[in-house]
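A, B, C and D label the chains in the order they appear, each numbered from 1.
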Amino acid sequence: MLQLTTVSLDDAQRLIRLGIAKAEEIGSPSNIAVVDAGGNLVAHVRMDGAQIGSIDHSINKAFTSVACQSSTQALGDDAQPGGQFYGIANSINGRAIIFAGGVPLYHGEHIVGGVGVSGGSGEQDQTVAEAAAAAL
Amino acid sequence: MLQLTTVSLDDAQRLIRLGIAKAEEIGSPSNIAVVDAGGNLVAHVRMDGAQIGSIDHSINKAFTSVACQSSTQALGDDAQPGGQFYGIANSINGRAIIFAGGVPLYHGEHIVGGVGVSGGSGEQDQTVAEAAAAAL
Amino acid sequence: MLQLTTVSLDDAQRLIRLGIAKAEEIGSPSNIAVVDAGGNLVAHVRMDGAQIGSIDHSINKAFTSVACQSSTQALGDDAQPGGQFYGIANSINGRAIIFAGGVPLYHGEHIVGGVGVSGGSGEQDQTVAEAAAAAL
Amino acid sequence: MLQLTTVSLDDAQRLIRLGIAKAEEIGSPSNIAVVDAGGNLVAHVRMDGAQIGSIDHSINKAFTSVACQSSTQALGDDAQPGGQFYGIANSINGRAIIFAGGVPLYHGEHIVGGVGVSGGSGEQDQTVAEAAAAAL
């Protein structure tokens, strides 16, 4: 048997509150999603004015960070032409995202979930995601 | 040009809080999703212990209530064998849901969004959705 | 070699104008779509206030009427439990629609396209579709 | 509650007429699609002789311009290898298009819809889309 530690809804909502605060601070209306250790959605918000294409991006960035045990930004480095994971974009039924904004959540050495942020530039999304992840 | 009124993130989060309170009261861990007037997700939560298949169900119930301008329960009545919409289940790219738990949100005469609840029995989901919708 | 007769954009737009007039007359804001003899979309409109779930329904009803060389209403009769095409709903990559509103367009004995209407009751959709089809 | 301005069917049809005129002028049979502020299709035409693969392209270019709050051409610049959105192509359930021809529609500072054109070269599609968008 395995024991799994994973984020709760309370954890997810605390992360999202921190993410919203950071997104407001840098003026980047965002979608913010949190998934658990199984890659399944725990909570999502779309801030007023945030783009609708980023709904899926935020959820799938969070998913990818757990599914591939990597930030989406780092995965993107390996997914460039010639890279070891070139072609991974949109694999896993279209869900693998390879640009910044998805960050795995660690509890000690273990991944317990992921956060995905989308709506701004890659740099803005990463900033918001890291601010949210710091809540754990 | 058309003028449209639609739920904000604040509205969605207020609905979700009421939905969670009702779900706790009746002991039915739920997924609760809110979409805007365009059918696009505004916010989602999965309460601790709620089933993961219900993530999509809650989002797509909320979507269906806007997309078909009907509660999913009422749509289900018309979708029985011999009914005028028999066969509508899983249409719209697999998103049309025809069992209880999706309720359109009205502002005066206009639909401004939808709420979708999934995780319990049809009756429980409907109870939670109606409690959430009452927040508007 | 085969010679194919198929609706033009002019034909489609004439059908749609007649459909809109009928939809306004009976007070049923509709989506109206026309496909050609290959089942491919020629034109679509969504009248103001018509439900968004009906976008796909209208296009796929038109498609189904050509793809199955049958009105969607007649196909629905065969798709009931026990019928010879029971289970056809949402086949063809989710595109087969089995409720009223899709009508093949004939030129002499040949199907040259299809019209699909969605947004009202099955009876309203069928009425609008037949009014549009009469333009040919 | 949020107040949203979005294109009407009248707006969409005026845009499409202008788009068709430009497409005829430059000899590029096109698919032209208009979506509203929620990314949902309002109207579509396929000019006689325009390629059928472009049906989806036109609809999804219009969708992408709203969903990502950007022209598809500008998005394509960021989606090149090494760019901040490399890998975004075909995300959002396969709907994100990253080549020219999709243009968001502005009313003052707000995006009220999008137009997508497909069927010619990237330059031709962009020319037709911009001519259509000028109708607003």
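Throughout what follows, a contact is a pair of C-beta atoms (placed from the backbone, for glycine too) under 8 Å apart; a residue touches a chain by one contact, two chains touch by 3 or more.
Here is each chain with its UniProt name: A, B, C, D = Heme-binding protein.
Note that the structure is a prediction, hence the values are computed from the model and not measured.
Undergrad: Chains in contact with chain A and with chain B: which ones?
TA: D
Undergrad: Mind checking the centre-to-centre distance between chain C and chain D? Centres are C-alpha means, answer in whole Å.
TA: 25
Undergrad: Suppose each chain is reduced to the average of its Cα coordinates; what separation in Å results between chain A and chain C?
TA: 42
Undergrad: For chain A and chain D, let me know how many angstrom lie between their CA-based centres, rounded off.
TA: That gives a centre separation of 28 Å.
Undergrad: Taking the mean of the CA coordinates per chain, how far is chain B from chain D in Å?
TA: Whole-Å distance between the two chain centres: 30.
Undergrad: Would you please write down the residue numbers of chain C that are in contact with two or more other chains?
TA: Residues 48, 52 of chain C each touch two or more of the other chains.
Undergrad: Viewed as a graph of touching chains, is the assembly arranged as a line, ring, star, complete set, or other?
TA: The chain contacts form none of line, ring, star or complete graph.
Undergrad: Contact residues on chain B for chain D in the complex?
TA: 1-8, 11, 36-40, 93, 107, 112
Undergrad: Write out the stretch or stretches of chain B touching chain A in their complex.
TA: 8-9, 12-13, 38, 40-48, 52, 55
Undergrad: Which chain D residues qualify as touching chain A in the complex?
TA: Touch residues, chain D against chain A: 2, 38-39, 64, 66-69, 81-82, 84-94, 96.
Undergrad: Under the definition above, what is the set of chain A residues touching chain D in their complex?
TA: Where chain A meets chain D, its residues are 48, 51-54, 56-57, 60, 76, 79-81, 89-90, 94, 97-100, 121-123.
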